[in-house]
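For clarity, chains are labelled A, B, C, D, E, F and G in written order, and residue numbers in each chain start from 1.
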Amino acid sequence: MSEDGIASQLLQESVGKIVLVKLKGRRSVKGKIKGFDKQMNIVITEATEVIEQQSNNNDNSEKGKGQEQETQVGDALIRGDNVITIAVL
Amino acid sequence: MSEDGIASQLLQESVGKIVLVKLKGRRSVKGKIKGFDKQMNIVITEATEVIEQQSNNNDNSEKGKGQEQETQVGDALIRGDNVITIAVL
Amino acid sequence: MSEDGIASQLLQESVGKIVLVKLKGRRSVKGKIKGFDKQMNIVITEATEVIEQQSNNNDNSEKGKGQEQETQVGDALIRGDNVITIAVL
Amino acid sequence: MSEDGIASQLLQESVGKIVLVKLKGRRSVKGKIKGFDKQMNIVITEATEVIEQQSNNNDNSEKGKGQEQETQVGDALIRGDNVITIAVL
Amino acid sequence: MSEDGIASQLLQESVGKIVLVKLKGRRSVKGKIKGFDKQMNIVITEATEVIEQQSNNNDNSEKGKGQEQETQVGDALIRGDNVITIAVL
Amino acid sequence: MSEDGIASQLLQESVGKIVLVKLKGRRSVKGKIKGFDKQMNIVITEATEVIEQQSNNNDNSEKGKGQEQETQVGDALIRGDNVITIAVL
Amino acid sequence: MSEDGIASQLLQESVGKIVLVKLKGRRSVKGKIKGFDKQMNIVITEATEVIEQQSNNNDNSEKGKGQEQETQVGDALIRGDNVITIAVL
């Protein structure tokens, strides 16, 4: 990411705010942005990791959104190349 | 993306307009383009994220387009390497 | 892509013509090439997006080509690294 | 690919010949090589695209090679990073 | 990773501490960070590798979190591009 | 690959010998190495391509190693980034 | 990998020792490290390749660790970008 580009601007403005980072592999991390770098590596404090289980519930044969498994993980580093979207909450 | 190339031109012309960004992993984001950078990272305002659930509905054994799960996410940053297509609505 | 290489030549000759672009994830986009850049990002006008649903139809247990879901998307930008093949129709 | 390396040599010697290009995602393209570039992007003329359907036929529960779906596509550009193997027929 | 960036800072502060490194492919490694480099390759001592088995248990058709298979592996090198998140425990 | 590194040395010593190249996507190619380049692109002569079918045979519900589908392909170019292992037979 | 970094140090200290290299796609290779290069390409002697079959055994619907298929492969080159972890045994 260029240091003065639109992505860096949004992340810079979000430092200290709560964000929801959606990651590849049906994972997401919610917490406060402490900082980020040019590869979009992000340090999140008070982080909660959410892993979406796929459900095959037989009634409507819907392989869809199943239960979510939440884990409190404290301070966490997210490697940038897993990021899909970052939403400012 | 080269700054004067065809992709940058389309994105530049689309700033302020509503776009549908299709992403890897059966996701898409709809909203107004605020800006973008050379890696095709995109900031979208008034964003709605859509995740397509796969359905296995037994009647015609069609593992196809299931229900869509929509989430309003406000301002969102999309990491460019997840983008498949960007359509100007 | 080198600007004078075989790939650029074919794309240059195809500007204004109808092409079928096959993408990763069982997607393809059909429409008129408006332009392209060195990363094989392509702008298509009058574009139709086709997503191939996988079918599990029980009679011959064939997990094969299911129905196709077509969507008219107007002007669209395709990110080059999703391209598998581009056929000039 | 280095321009004088073994890969370029084989491709150079194959120009005008019929080749079978196996691609990621159970696809292959057969046709005459018109040319190639350093990223192993390849232009094929009189091309036939073959997509291998996976079959789940219940008798021997063999999720294996199912029927093949062939499509005549004329002139086609193959993006190099999808190539697995190129065999000179 | 830039050597003075936020990611390097967190890793530097974590040397000698117990971390949980979540990897692509439902794997994770827990242990003490001995060191790391710019590609986020990490050396962990007293490492335990955890592989999450997917379960299809029929009662609630939940293709979710199954049992975990733990293996003591001693000193281990993790290749950086598999890392999703690193949590300091 | 660096030209004087361990990988180049093994490949150089293997020219003219029979090797088994395992590729992503349950494929492998067996044959005589004619040459290779810095991207680990490999030209194999008298090549046989082996595709491993996954089997779901119901008796022990073992989604494991099924039958192998062998094809004689003559001279073949393997694109380096598909290689997992190269064993000298 | 930087030549004097933590990853190179661990690999250098492991030359001549038995290691277990876990690879993408449920594969692993066990054997003696002969050498490595900056891309983490590794040459292993007296190598055994292990492919983990997924099992769907019906009793507890556990899509988990199935049987392992071992193959003695002698000297083998592992392409670095498939490596997940390297454990010194």
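Basically, a contact is a pair of C-beta atoms (placed from the backbone, for glycine too) under 8 Å apart; a residue touches a chain by one contact, two chains touch by 3 or more.
In UniProt terms, the chains line up like this: A, B, C, D, E, F, G = Sm domain-containing protein.
Since the structure is predicted, the reported quantities are computational estimates derived from the model, not experimental observations.
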Contacts common to chain E and chain F (chain labels): G
Between chain E and chain D, distance of the C-alpha-averaged centres to the nearest whole Å: 38
Two or more partner chains touched - positions in chain F: 24, 56, 63, 81
Order in which chains appear around the ring, chain E first, chain G after it: E, G, F, D, C, B, A
Partner chain D, residues of chain F touching it in the complex: 23-25, 27, 29, 34-39, 41-43, 47, 49, 51, 53-58, 63, 66-67, 69, 73-79, 81-82
Residue ranges of chain D touching chain F (in the complex, touch as defined): 1-2, 5-7, 9-11, 20, 22, 24, 40, 56, 60-65, 80-81, 83-89
